[in-house]
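When the chains are written out, they are named A, B, C and D in that same order, and each has its own residue count from 1.
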Amino acid sequence: MAQFMTLPDAVAQNLKSGDTAAFEGFTHLIPHASAHEAIRQGIKDLTLVRMTPDVVYDQLIGVGAVRKLIFSYAGNPGVGLLRRLRDSVENGWPHKIEIEEHSHAAMANAYEAGAAGLPFAVLRGYKGAGLPSVNPNIRSVTCPFTGEELAAVPAIRPDVSFIHAQKADRKGNVLIEGIVGVQKEAVLAAKRSVVTVEEIVDELDAHPNACVLPGWAVTAISLVPGGAHPSYAHGYYSRDNASYIAWDKIAADRDTFLAWMKDNVLDAKPEDFADRIKHLRSAA
Amino acid sequence: MSDNDFTSNEMMTIAASRALKNTDVCFVGIGAPSAACNIARLTHAPDVTLIYESGTIGTAPNVLPLSIGDGELCDTAVTTVSVPEMFRYWLQGGRVTVGFLGAAQIDRFGNINTTVIGDYDAPKTRLPGGGGAPEIASSCGEIFITLKQSRRAMVDKIDFFTSFGHGEGGDHRERLGITTKGPTLMVTDLAVWKPDPVTREFTVVSMHPGVTREMVQAECGWTVRFAEQLEETPAPTGIELKTLRDLNARTKAAHSGGKSGEAA
Amino acid sequence: MAQFMTLPDAVAQNLKSGDTAAFEGFTHLIPHASAHEAIRQGIKDLTLVRMTPDVVYDQLIGVGAVRKLIFSYAGNPGVGLLRRLRDSVENGWPHKIEIEEHSHAAMANAYEAGAAGLPFAVLRGYKGAGLPSVNPNIRSVTCPFTGEELAAVPAIRPDVSFIHAQKADRKGNVLIEGIVGVQKEAVLAAKRSVVTVEEIVDELDAHPNACVLPGWAVTAISLVPGGAHPSYAHGYYSRDNASYIAWDKIAADRDTFLAWMKDNVLDAKPEDFADRIKHLRSAA
Amino acid sequence: MSDNDFTSNEMMTIAASRALKNTDVCFVGIGAPSAACNIARLTHAPDVTLIYESGTIGTAPNVLPLSIGDGELCDTAVTTVSVPEMFRYWLQGGRVTVGFLGAAQIDRFGNINTTVIGDYDAPKTRLPGGGGAPEIASSCGEIFITLKQSRRAMVDKIDFFTSFGHGEGGDHRERLGITTKGPTLMVTDLAVWKPDPVTREFTVVSMHPGVTREMVQAECGWTVRFAEQLEETPAPTGIELKTLRDLNARTKAAHSGGKSGEAA
């Protein structure tokens, strides 16, 4: 049953060094505030999972919190490469992270299999592609009816998944709307889950088939308005594209990066996110 | 008709846009394809169905998204599904007629690399990776590719097979059990290319106005084949150019808006 | 691209004798009007697929239209058994149909695999159950990562699926709301699909994550108000429980059954459904 | 406390309802379990989560559904998901603590038959089949069963293993690799039964008020085992009885309403 608590408590109780963790979000609703809190708490040695690691995973990698990354597209969408990730993979700064790379289709299926309690996912994929030769976790199964050989990948089962959502009701039922990505799957596939929300309401007032996580399927809920910034929360505030563009310069240099992290993450707190999205509310 | 007052990038986008039909269901790859697909929708193919991997089906954005998951895509979509559903029911389900891809590196057979430059384990440059491309390349009815030509991008041998085009050419797709057509069109800033019916090597079938064979070869890392009947790509029409420029202007205004006091 | 046409045309163009057909609906939105039209057109030798064959499949079986039934629960929900199905299986009247029986989990997964373009579905199921010993289409696969043995069933790929939905817009986009069952999967798994709707509107006015079938994924749409009766259409009319209860008596006797079919199906037409739900609208 | 003015069916439903805890997530089988689960929700377990296989999660119907997919279930649910999602994410995902099943035929080890009476290929009676039961029986944390006793229903050997209980008893579940508890409780109109910790044979642990050992045996097809410490099931309380009777009255009124001029 979902417990309401502060984000520092939710992170402290649900994430520890060495965990496999997913901070999921597909452009929309990326849980930046949770990841920043994890950085502040000095969590290390993480195996991070995400289909589309972007700026906030660049930050986690850059501060040395990450041992391994499982992913399918690592970029700053619409801007370019992830410079902290590159510095780690190409130059070993602050250390070289291990890479397990998949396609989007495989990752999406692997989350789906995790949510479904299966040990692996089946897809018609990777045909002629190079990843199977560098990723031993891409195998195959044979259809027992047609004989067709299909790709198989292990289910994703994080120790803990973090997501950001629009709202929760007082029983902890969570509503996710718009581009819902793989967040429902990430939560259901994980042993524990932390959801930050824009607001807590008396009634979700949701469409019967909306994407709702019942409170009993969630571990902790924290109220963090703006907690997705510079990503966005549909209906609340728009994507801060300028910040994504600016990140490219910040991340280009190690010292600039470290200074920015000190000012904006280490010396900041969850409540600061509310200010960061004030100017983006009108555009939502 | 236009008075030829257009850039090579504009020509590329517009030539690429012409390839989409009104009845196509198009999976829009990250980057360059997005502009071409939306120009198609805003000009000759108003009912084309555009799908972005973020789960948005039948989108009609008023400005180009910076990412593949901007809110505008959802606001204007017929429906927005989860990402697992997108890749299972819609892409793997075989419902997409055209996959439109960009490329960091490409070879003459339409094999694409967006993974690494150099060795996979110790790369010179770590690129973003494939995202949806490996299965877009095999599940869509056919693949259109658009990219700006350069010797760095169009290479004799790609460093990594992110997505499979025609492999080593000929019937390589069939031999791997892939039943879709693979790359059938490539549009660059200089020319339109189609695979040879037998070897599947990309062949220039049309050069954009003012472009010479030498210019095409100068920006391509392999020895370029030209079709016997080489045509000139029709220049952008006034409507095409205006549509593209208006879209770019709207996009620029939208993305520089909401200026942030602090980044990321 | 969905074409709008009358139901007789939609059935004539998309269903032929010998087809594998699904008339899907999970209590809600059962496409009775379509099935009645199929009976009127004298379609025979069908392989019928449905998780929960109920009254309307009893009718199709009773008139001798069915060669084989693939299903997971065949009953008149809340009332009892299907007497025409029993008469066929137990006594061979009007002929003995072939049975391929699964569990709900297997059928749901098989539709899902069909929609996903896969040849088979994987589930952790049938453990200790008797069906694998009587159904050769229940096999197994071994997880290439954990070695766990899991059940496998062939994907369902009907020649044609019929569903009933609340509404379509003029481009043929279809909205299904409430208990959505496996209808989306049934349509996407099928080669062709026919959707009857309560109304055709200018704008669906749907929630972004509502269950919508884009017009290009549907073959034919027919306007048949009341077309789910005695099942229901959420927001339009309620379930006619009295009819379900009455069916038990009608189906108990062959002659009563045949007389009822003549009066209510053979001599009726799609437009009659609108009258049948008039008294149920207020309760919706 | 009640004054013992209740039927054996009422006793059965109320005794069954008491087994559900406020924190349970319960997959409600077709038929008898529905009343018991909703009485639990309307009395001591207001926050119990009831799931019906039609996809409705966290339902709180005001009247009992006639089918497992009545609109009332959706109207009052926290959310309604597709049936594939229900069986994949919610049931197989291992999120359900209790599966509540009825039975047409059951043996002493809680194996259930709702498929056929007689031979599968030439049945004497073709029953509806398993529906969700085979995987409810293996995926839920534990299984509660409720049925009205009769020698036809409680048999020495069932004709078909629709869903697996404890098989031949003992560690048969473990030997098949099933990790859930299986049947841990059976509530009939006469008694409450629990499996023996070693043999897993259902054993009467409590008889309802006024019921004798002979009455239990008379309506059971196998030789009944009774626990050494045999208790009397507490009679329905006034609140339990009123809640059940009100629910049944509301249900009857609702389902006979909307009288139809023509059937089906």
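Note that in this section a residue touches a chain if its C-beta (ideal position, glycine included) is under 8 Å from a C-beta of that chain, and two chains touch if they have at least 3 such contacts.
None of the values given here were measured: they were computed from a predicted structure.
Visitor: Which chain has its C-alpha centre farthest away from the C-alpha centre of chain B?
Guide: Looking at centroid distances, D is the chain farthest away.
Visitor: Tally the contacting C-beta pairs at the A-B interface and at the B-C interface, and name the larger one.
Guide: Pair with more contacting C-beta pairs, A-B versus B-C: A-B.
Visitor: Could you tell me the distance, in whole angstrom, between the mean C-alpha positions of chain A and chain B?
Guide: Inter-chain centre distance comes to 27 Å.
Visitor: Averaging over Cα atoms per chain, report the distance between chain A and chain C in Å.
Guide: 39
Visitor: Using CA atom averages as chain centres, what separation in Å is found between chain B and chain D?
Guide: 57
Visitor: Can you list every residue of chain B that touches 2 or more other chains, as numbers and ranges?
Guide: 74, 80-81, 88, 92, 139
Visitor: Residue numbers in chain C touching 2 or more other chains?
Guide: In chain C, the residues touching two or more other chains are 112, 117-118, 123-124, 148, 178, 180, 184-185, 208-211, 234.
Visitor: Using the contact rule from the top, write out all pairs of chains that touch.
Guide: Chains touch in the following pairs: A-B, A-C, A-D, B-C, C-D.
Visitor: Quick check: in the complex, which residue numbers of chain C touch chain B?
Guide: It is residues 1, 112, 115-118, 171, 173, 184-185, 188, 206, 208-210, 212, 214, 216-217 of chain C that touch chain B.
Visitor: Quick one: which bits of chain B touch chain A in the complex? Just the residue numbers, please.
Guide: Residue list for chain B touching chain A: 30, 53-56, 65-71, 73-74, 80-84, 86-88, 91-92, 115, 120-135, 137-139, 160-164, 167, 172-173, 176-178, 255-264.
Visitor: For chain C, which residues are in contact with chain D within the complex?
Guide: Counting only chain C, the residues touching chain D are 26-28, 51-52, 55-56, 59, 71-75, 77-79, 81-82, 85-86, 89-90, 101, 103-105, 108-109, 111-112, 123-131, 134, 148-149, 178-182, 184-185, 211, 230, 232, 234, 238-247, 250, 260, 264, 276, 279-280, 283-284.
Visitor: Which bits of chain C are touching chain A when the two form their complex?
Guide: Checking each residue of chain C against chain A gives 117-120, 122-124, 137, 139-146, 148, 150, 152, 154, 177-178, 180, 207-211, 234.
Visitor: Using the touch definition from the top, list the residues of chain B that touch chain C in their complex.
Guide: 23, 25, 47, 49, 57-58, 74-75, 77-81, 88-89, 92-95, 139
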